[in-house]
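In the two complexes that follow, chain A is the common piece, with chain B as its partner first and chain C second.
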Partner chain A sequence: MTTKTKETIFFVALGVPTVICLLAFFWVLYLLSSGIGTLNWTLLTTSALKGGIFEMIVGTIYLLLGAAGVAGPIGVLAAVYLVEYAPSGRITRIIDQAINNLAGVPSIVIGLFGYTFFSRQLGLGVSLAAGWLTLSLMMLPIVIRGTEEALKMVPPSFKEAALALGTTKWRAISATSIPAAAPGIVTSVILGIARVAGETAAILFTSCVLITRGLPKSPFEPVMALAYNLFVQIVALGEPAQRVFGTALVLFLIVASFAIVAIILRTYYRRRQPWLR
Partner chain B sequence: MAKVDIKELNVWFKENHVLKDVSLAIKEHAVTAVMGPSGCGKTTLIRAINRMNEIIGGSRTSGAVYLDGKNVYDEDTNVYELRRKVGMVFQKPNPFPKSIFENVAFGPKIHKIANGKKLDEIVEESLRGGALWDEVKDRLNDSAFSLSGGQQQRLCIARALAVEPEVILMDEPCSALDPAATAKIEALIRELSEKYTVIIVTHNLQQAARVSDFTAFMYMGKLVEYGDTTSVFENPKSELTEKYITGKFG
Partner chain C sequence: MRIKEQPIEAVLFLCASFSIIILLLMLLFVAREGALALSKFGANFIIGQIWDTNANLYGAFPLIYSSLMVALGALTIAIPLGLGTSIFIAEILPFSLRDPIKAIIELLASIPSVIYGFIGIIFLAPLIASVFGLFSGATALTASIVLAIMSVPTIVGVSGEIISAVPKDYKEASFALGATKWQTIRNVVLPISKSGMLAGVMLGFGRAVGETVAVLMVAGNVARIPMPFYNVLAPVYPITSVIAMQMGEAAVGSLEYSALFGLGLILFIFTFIVNTLADVVVRRERKTGGAKK
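== the complex of A and B ==
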């Protein structure tokens, strides 16, 4: 085989998957864009009781922010412990592996766990709070890994300088390493949100209902969400898929906007943090 | 009495025996240079004085380091207070990603030495001490990274001065700097020795000769020779020192 033939084979072998990805992307884009027609300001601001999707949008955002509120602090503290304090050994390796495995657990299994543990065992029932806790399980690995990466990027010389001035280890970490890693930490939380924004299985049994009277008044009430609504409309109510494209588009835009915010933050801070260049 | 008196100091990193029975008495208000080829243990030696070797896992120390007659390795030593008294300047300038002011104010805040107006005074005084005040007085709120390498290193010196130390350790403070910046730091080191006890690690022989009053020469974890700088350079007792100074190895 001549070099030229080899070159052609590789070109095709590498090019075809790229083209497949692009086609899939444009197909999704095409489907979503067909939702634009059904989308209008009234739909977004009208109550579900009158055929709008207002409570679903707000409910989705409630779920995401609450889950971030749970997974953010726990994930960040866990990452700080793992990077700065955990002795390298068997137990740390096991914890490390467990985090990887948590990231790989199918969301329906997480949903089932959330239902049996948070909803039934802890008695939270079908509620926002149960949804927060269940979704936070899916966010945790992303927040932990992202924060770990961000902390490892901070030059050790900052912490060393603080220690040499006579600070305690925690003070050195909290006053130098964590602020320097903050942009990366925030980015990882936002990426965690983006990861679960479209999540259905995890909230299926734990926090969603098809219709509520207005927004939940406390964390212990059930909530409406876009992803859940899509699922029910198509599977349970047997609506033709085209009728929910508008809802799907809104959900897509919410997910995409979180991801875009994360990218903008990362680019902005990379410019301001010379050690990342 | 010596300001810092090192007695039969041994340091291991895991299985690696880095310092071997080093004894060295360092005089107050003088500049002592520690020189020797790479890997001879000179950095480990000065980091043993403020117990910075401990922050690396797997280090072990035996022997004693007396600071004003008190062994810093005693169990009742407050290591945070020790590191306040024994300041350190690193090989590469390592300012915090904060403003110039905040860099210098960091230590005094941590040790609750001052706040408000008094803190402003300490920052100014420290920056003057680091020979940087005139260059930065109009832009104290700028990021420390906006300074040149030499200015950053002087900022790091000012930051160390702000917690009112007695001893200042410098680990090859000029190795990342150009000759002009190096000259400024060297002049500063001479000035500092009026108020502080300065111990500087260098593998630059000319630098040791220019700035120091006393010179220690180390090789393979052992102290080979120690004396006043003039006699070590002009009249070395050890053949090894002679060879190193004349550039036959190193």
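== the complex of A and C ==
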């Protein structure tokens, strides 16, 4: 066998897994798309009390925005510290390791912790607020890593120019580095939202109930969410499959649109950093 | 107005240390709730063979075994898929196709686990049942297949990054010596990035052990070690599923409640160790110059 044929064989062998992954993706898309017939405006805007999924959609959005509101600022400030301030030593290494470990904690354990700490210890009960805090723990590592990357791409000369004008370190960073990294920061928050948008295990005990009377009126009330309802419908209730398909499709569309926006933004800004030209 | 610098730095440091604080709190609180069951059963909590809520007996061995069996099965499928895909994307695929394919793999990662579980139970389980002539398709194998698809993006993400970081000079030097593309991949790229691949696989393993919702729907949820022990067509009951299924009915403070937190503690410690090892592998890789630019 010539080297050339051998090479072709190896390349094909490596291509097969890639093709399988792509097929898996399109298979999932195809299966979900069979729910498209159940989707209509009335289903989306009708209250769950009358068989719609309105509160679940809004509840999901509430959960995500609140969690982003908690994880965003903390994550960005943490990344600023790690990139701009942290001395490269033992403590920084431990922090770095802890962020990776937090990212690896199974979501069900985060849910258990959220229940015992936020819901019970802090007295938030099964509520929107407990869900925000619990989900923010899953978002945090993604926001930190994304913001770090964005900050590292800002040329140090920006900050140095500000420092040369006599400002303090924080003024220099907040006036130059952070604004320059802003698109990357926003992208990382959106990516964080996309990662937790379909999360079920973490909100299972902390913030969701099967049915509420209308939308939550305060952060201390429980909330309905697409992922949770889908989970209960499949596991416990044995709902007619058609409505389940519709709910699954809506959830997928929400998650996918966050993910696609994040991916497009990221590709766009990686290519067009004005100062890299 | 001049803002004082020191308090700002303190706030930033606090935010950065937040992850450490949360991990410590997690360990503390989950362990505190699990203490009752752990002290009552001692080592039997881990090696005990019977998990029976009605008899108030909590021996987690069948559950631990289920988790490992399902996750290892998933890895058996996901390793060739994930590593093959990451090499193919980073080294063979034409440049213009790389980003779109990577984006699709990333989308695969963002499909919610509840949807994977749903598809698993509606389509995959009946398929498995009819292929193997089983009464129910909710088996360890079904769970492994679903988990494999879910952990491929993790493996591709980590190992793909390491493979792309192999310095161009090395590859060019190999080409200059007359090596073909495949010879270069095998003799230059793979040896350099092998520990990165290992790290990717370990992270994928951690992900697979910790996955809850999808597994719960397709694993069958029977708390017994399969007969024979390698029978992948038997139903199993992984740790994560037990927690998710039983938390709702366990009264706060009861032995069952505590046992579920005990399971959570096992899971937390196990994934912590796996992730830390993966990190050590990646860090050593960076130090020894594999990915040095």
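To be clear about the criterion, the second predicted complex is superposed on the first by the 258 of 277 C-alpha atoms of A that agree within 3 Å, B and C clash if a C-alpha of one lies under 4 Å from a C-alpha of the other, contacts with A are read in each partner's own complex, and residues count from 1 in each chain.
Keep this in mind: contacts are C-beta pairs under 8 Å (C-beta built on N, C-alpha and C of every residue); 3 or more make two chains touch, one makes a residue touch a chain.
These figures come from a predicted structure and were not determined experimentally.
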Partners on chain A (chain B, chain C) - clash or fit: fit
Touched partner set for A:Leu253, first chain B, second chain C, both or neither: neither
Touched chain A residues, chain B compared with chain C: C
Partner chain(s) touched by A:Arg171 [first = chain B, second = chain C, both, neither]: both
First, second, both or neither for A:Ile36, with chain B first and chain C second: neither
First, second, both or neither for A:Leu23, with chain B first and chain C second: neither
First (chain B), second (chain C), both or neither touched by A:Leu49: neither
Arrangement angle, chain B at one end, chain C at the other, chain A at the vertex (C-alpha, nearest 10°): 110
Which of chain B and chain C A:Ile263 touches, first, second, both or neither: second
Overlay on chain A, chain C to chain B nearest C-alpha distance, Å: 9
Intersection of the chain A residues that touch chain B with those that touch chain C: 168, 171
In the complex with chain A, residue positions of chain B that touch it: 50, 52, 55, 79-84, 87-88, 90, 92, 94-97, 106-107, 110-111, 145, 156, 159-160, 163
Touching residues on chain A, where the partner in the complex is chain C: 3-4, 6-7, 10-11, 13-18, 20-22, 24-25, 28, 31-32, 73-75, 77-78, 80-82, 85-86, 94-95, 97-110, 112-113, 115-117, 120-121, 137, 140-141, 144, 168-171, 194-195, 197-201, 204-205, 227, 230-231, 234-235, 241, 244, 248, 251-252, 255-256, 258-260, 263, 267
Touching residues (chain side chain A, partner chain B) in the complex: 155, 157-158, 160-168, 171, 175-176, 179-180, 273-275
Partner chain A, residues of chain C touching it in the complex: 2-3, 5, 8-9, 11-13, 15-20, 22-23, 25-26, 29-30, 32-33, 80-85, 87-89, 92-93, 99, 101, 103-108, 110-119, 121-123, 149, 152, 156, 180-183, 203, 206-207, 209-213, 216-217, 240, 243-245, 247-248, 252, 260-261, 264, 267-268, 271-272, 274-276, 279
